[in-house]
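Following this line, the structures themselves.
Shared between the two complexes below is subunit A, which has subunit B as its partner in the first and subunit C in the second.
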Partner chain A sequence: MSEHIVPKKIYYRIFGALLVGTALTVIFAFINLGNFNIVAALLIAIAKALLVITFFMHVKYSSRLTKLWVAVGFIWLFIMLAITMTDYLSRAWLVYRP
Partner chain B sequence: MSMTPLTATAGRLTSEGEPLNYLNNGHGLKSWLLTKDHKRIALLYLFSVSFFFIIGGIFALLIRINLLSPEGLFNPDTYNRIFTAHGIIMVFLFLVPAVPAVLGNFLLPIMIGAKDLAFPKINLLSWYCYVVAGIFLTVALIAGGIDTGWTFYTPYSTSYSNSNVLLAGVGIFIAGFSSILTGINFIVTVHTMRAPGMTWFRLPLFIWAHYATALVIMLGTPVLAITLSLMALERVAHVGIFDPAMGGDPVLFQHMFWFYSHPAVYIMVLPAMGVVSELIANLARKNIFGYKFVAMSSLAIAVFGFLVWGHHLFVSTQSIYLGIIFSFLSYAVAIPSAIKVFNWTATLFKGSISYDTPMIYGLGFIGLFLIGGMTGLFVAALGIDVHVTDTYFVIAHFHYVMVGGSLMGFLGGMHLWWGKITGRMYPEYWARAAMVIQFVGFNLTFFPQFILGYLGMPRRYAAYPPEFQVLHVLSTAGATILGLGMLITIIYFIWSLKNGERAPANPWGASGLEWRTSSPPPTENFLETPVVTWEAYEFAPIETMDVLGYPGDPGKPSQPVPAEHGTED
Partner chain C sequence: MALIETETAPERIELHAEHHPHLAHHFESMEQQREAGTLGMWWFLLTEIMFFGGMFLAYTVYRHIYFDAFAAGSNVLSIWWGTFNTAVLIASSLTMALAVFHAQMGNSRKVVRFLLFTIILGTIFLRVKYIEYSDKFEEHVFPAGDFRWPIEHEANRPNNVGDMLLMLIGAEPLNSSPQGPEHAFSVKVTTKYAEKGPYYGVGGQVPEEVQDPGFGGHVRMYFWLYFAMTGFHALHMIIGIGLLLMLAWQARKGKFSREYHSYIELTGLYWHFVDIVWIFLFPLLYLVDRHL
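Let's turn to the complex of A and B:
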């Protein structure tokens, strides 16, 4: 196993990007986009999380097996959220006719 | 990967002239509490897991004593705390860690020909997490207990219960980290530390099962941690997540809780299935019928086990359409389990079967798990589940899976590898007797509960109508017999530490790398790194046993078969 040395410059850039993301989240909170406020907030959050995982957590420089595991983790999270949400989506479909 | 030859303790003797092994290589409390040897950590786990098993067992007996009479012995509030204690201790401090952290920890590196797990310090940390979790839960119990049931359903747990929910939540959170650390160690070790020649399809099925278990641990346990954190957040800071009074949804808690807790059933039972594969193969002296199918069925269970959690929510407000899908998927996940049961049975065909204790535990597992699994199909059916939800039918079902499955596997494995772990054999006569007593006691405890549940006896009730008394008394009688059987096992295991026969390297004529090193193994597991040139479960004809390196004489560590072709990965 070889340790990949990441130049400090990259860390500072990512840190900067994360700060920009935080600022954007705050700015968007003051703009009324209706339902899209939550979409914007989530998109920014996902982008920030991806930056942390790829660079700070060194996934970009890891083996394919590690990348597979990271992907599987997210797929599993997606499974949980997606199936749970189909519950909320379809709960009201059943109409009781007494 | 290449491995350096092992020389540290190879062939050395202790000052008493005994061969140096992992048990006598270092004395004193410090050499145990700071050990990085996976075998010693396995023993630390064995002590702590057994301790909590006994505590959990005492709570089980208190439950059964309460239910001897229809009006109940304890007041309902005390009874709530008793069954909650039983559930939490047995699930999080016994069933989840029992097989992987004890047998898995001890055997996984040896079975693949490695010196240790990939991260020995993390392995020790895992045990300390377990201990801290145990302390938190013990304090929670002593300080008055928890009355929510082991499932912590909201909003009761977040807004109404005045018991030690937080303390227990923190304890379980930490216990979760203990299993995550074990899981990550197993995965990395299997990927990177297999001995030369140990290809994936030469791995013992025990390893496949533990790999699949580690997969479930890694993907499921973080969700438990998140769920408990959200529960704590709502309880402490009154953030409305699960409590409808604050705009939350209690069914969301059930979704998240069972996203972990259904796969947790497989964390408990998959490793035991791995043990049973070893029991059956080695005591029938035959390769497991359909090795690849059994290996892959472990992975299938691990993956599909994550898609069925909603079968616990059939009587909640969960969408009926989603319920239909969950019911169907729950039926589908029975297929890989059935593959295992059928293939074990087929393995027995024309095997040279020995009815020593490990085998009868294996057969016990098959019988009890079959009943547990089949009644699982009852409760996975939408219509029947409405009738039996939260009744003793469900209690009986999952005890057949948990006790009949996990516990039988754990005890069977402890008997198969007792000589390897301790260097002493257990007394065969007493072991068989204890197994039969446990089997009878178990069935007498839980079979009446199927009937009780079907007749409508709800779970978690401290009192019941008088017409249920006969069945409850039978059940309590069974629990007493089961407890007696356990006691016998504990006594002769302890007795054998001093008085048992010395274990030869391979008392069963078994296949597998762990039988090609001394009992107990040296600290580095093997005197020299083994090179695997044979397939899994390759049994030599009995006449040729010595030629293939199976030891005939007790105590003599067997040497690995010399490599025919160089080192390959």
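Let's turn to the complex of A and C:
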């Protein structure tokens, strides 16, 4: 398997998509979606991160082992966040005072 | 003595001539060497994910517990500088990707050019970060700050950021805000408390958090995280710019070729990773509570 060269055109398109994503996230921040503001912000951020990882970081064209490596990293991060939050979110005896 | 003879033996020299001068002997081919390098770099990046992940975890937990304090803190940041810097960083990722592209094409002059573009954009990002930091220090808005705008600089007070926070923590401002205590910001936040209902106060009444001295401490926690996360991110940028300068120098001297450019590609991975961290920092620190 020789090195895959991504055409320049794709880089420019990804750049455009990332700028659109940035604009969208700023616009959504000023619209009151209640609890969904954080959801919208994170979804856009994840989409942007995926574009960077897939194309700018060439993971799409990398070996399966590299893909697995990358996925494992983010899955571990997710496990760390998710398990810790199951604890904090279930501490009903704590009354959170700002 | 025997060792030196082996090293200079004619058959060893022939072996060297057979493969690319940059191929290390423990690899079968340039292809395998490149693959191993990519995997190794990603391994390092996974430790970086965990490094920043710890701070993202702290952010998640404290934002959950001190929701209002985090809303107050994040509304004090400059959304325009934040957006500008996001665009600058995305552009630097593009120029980095193009530098890698030209390295793959073996076009050294363009590699140098795009590496320099990336360095310039990275420096602009850091310069803006410096402006943001010094604004916050001047407003006395930092973890150990008292959130009071210094009275000797009254004439150049840019806004009443410090007073907003002072009202929130229930302290008397040293110098009263020109707009008075009914400043829009504090009214907005107070209304939000009222809407929160029993979870944030009893029976939907406006609770006494505004007088609660703990609130100021919770806002400080936000600023601890803000400075720690953006500070470590900026440190990564500084290291990245150092690496890019080194690469630009080496590329100029013709070290890299169509077959051999791993350093550029792997530094590119690092640079894009730092970009991804910012992609998450920007909405979480600057944006999420703007609607409140």
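FYI, the second predicted complex is superposed on the first by the 91 of 98 C-alpha atoms of A that agree within 3 Å, B and C clash if a C-alpha of one lies under 4 Å from a C-alpha of the other, contacts with A are read in each partner's own complex, and residues count from 1 in each chain.
One rule holds in what follows: contacts are C-beta pairs under 8 Å (C-beta built on N, C-alpha and C of every residue); 3 or more make two chains touch, one makes a residue touch a chain.
Note that the structure is a prediction, hence the values are computed from the model and not measured.
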Clash or fit, subunit B versus subunit C on superposed subunit A: clash
Examine A:S90 and indicate which partner it touches, taking first as subunit B and second as subunit C; both and neither are also allowed. first
Between subunit B and subunit C, more residues of subunit A are touched by C
Is A:I79 touching anything from subunit B or subunit C once the two structures are fitted on A? First, second, both or neither. first
Identify the partner contact of A:L65: answer first if only subunit B is touched, second if only subunit C is, both if each is, neither if none is. both
Which partner does A:L19 reach: the first (subunit B), the second (subunit C), both, or neither? second
Contact-wise, after the overlay, does A:Y11 reach subunit B, subunit C, both or neither (first, second, both, neither)? second
Determine, for the stretches 98-106, 152-160 or 224-232 of subunit C, which one clashes with subunit B when the structures are superposed. 224-232
Would you mind listing the overlap between the subunit B footprint and the subunit C footprint on subunit A? 65, 69, 72-73, 76, 80, 84, 88-89, 94
Considering only the defined contacts, which subunit A positions touch subunit C in the complex? 1-3, 5-6, 8, 11-12, 14-15, 18-19, 22, 25-26, 29-33, 37-38, 41-42, 44-45, 48-49, 52-53, 55-58, 62-63, 65-66, 69-70, 72-74, 76-77, 80-81, 84-85, 88-89, 94, 96-98
In the complex of these two chains, what residues of subunit C are touching subunit A? 31, 34-35, 38-39, 42-43, 45-46, 49-50, 53, 56-57, 60-61, 64-69, 79, 83, 86-87, 90-91, 93-94, 96-98, 101, 104-105, 193, 199-200, 207, 209, 212, 214-215, 218, 265, 268-269, 272-273, 275-276, 279-280, 282-284, 286-292
Interfacial residue positions of subunit A with respect to subunit B in the complex: 65, 69, 72-73, 76, 79-80, 83-84, 86-91, 93-94
Subunit A-touching residues of subunit B, taken from the complex the two chains share: 191, 218-219, 223, 251-252, 255-256, 259, 306-307, 310, 317-322
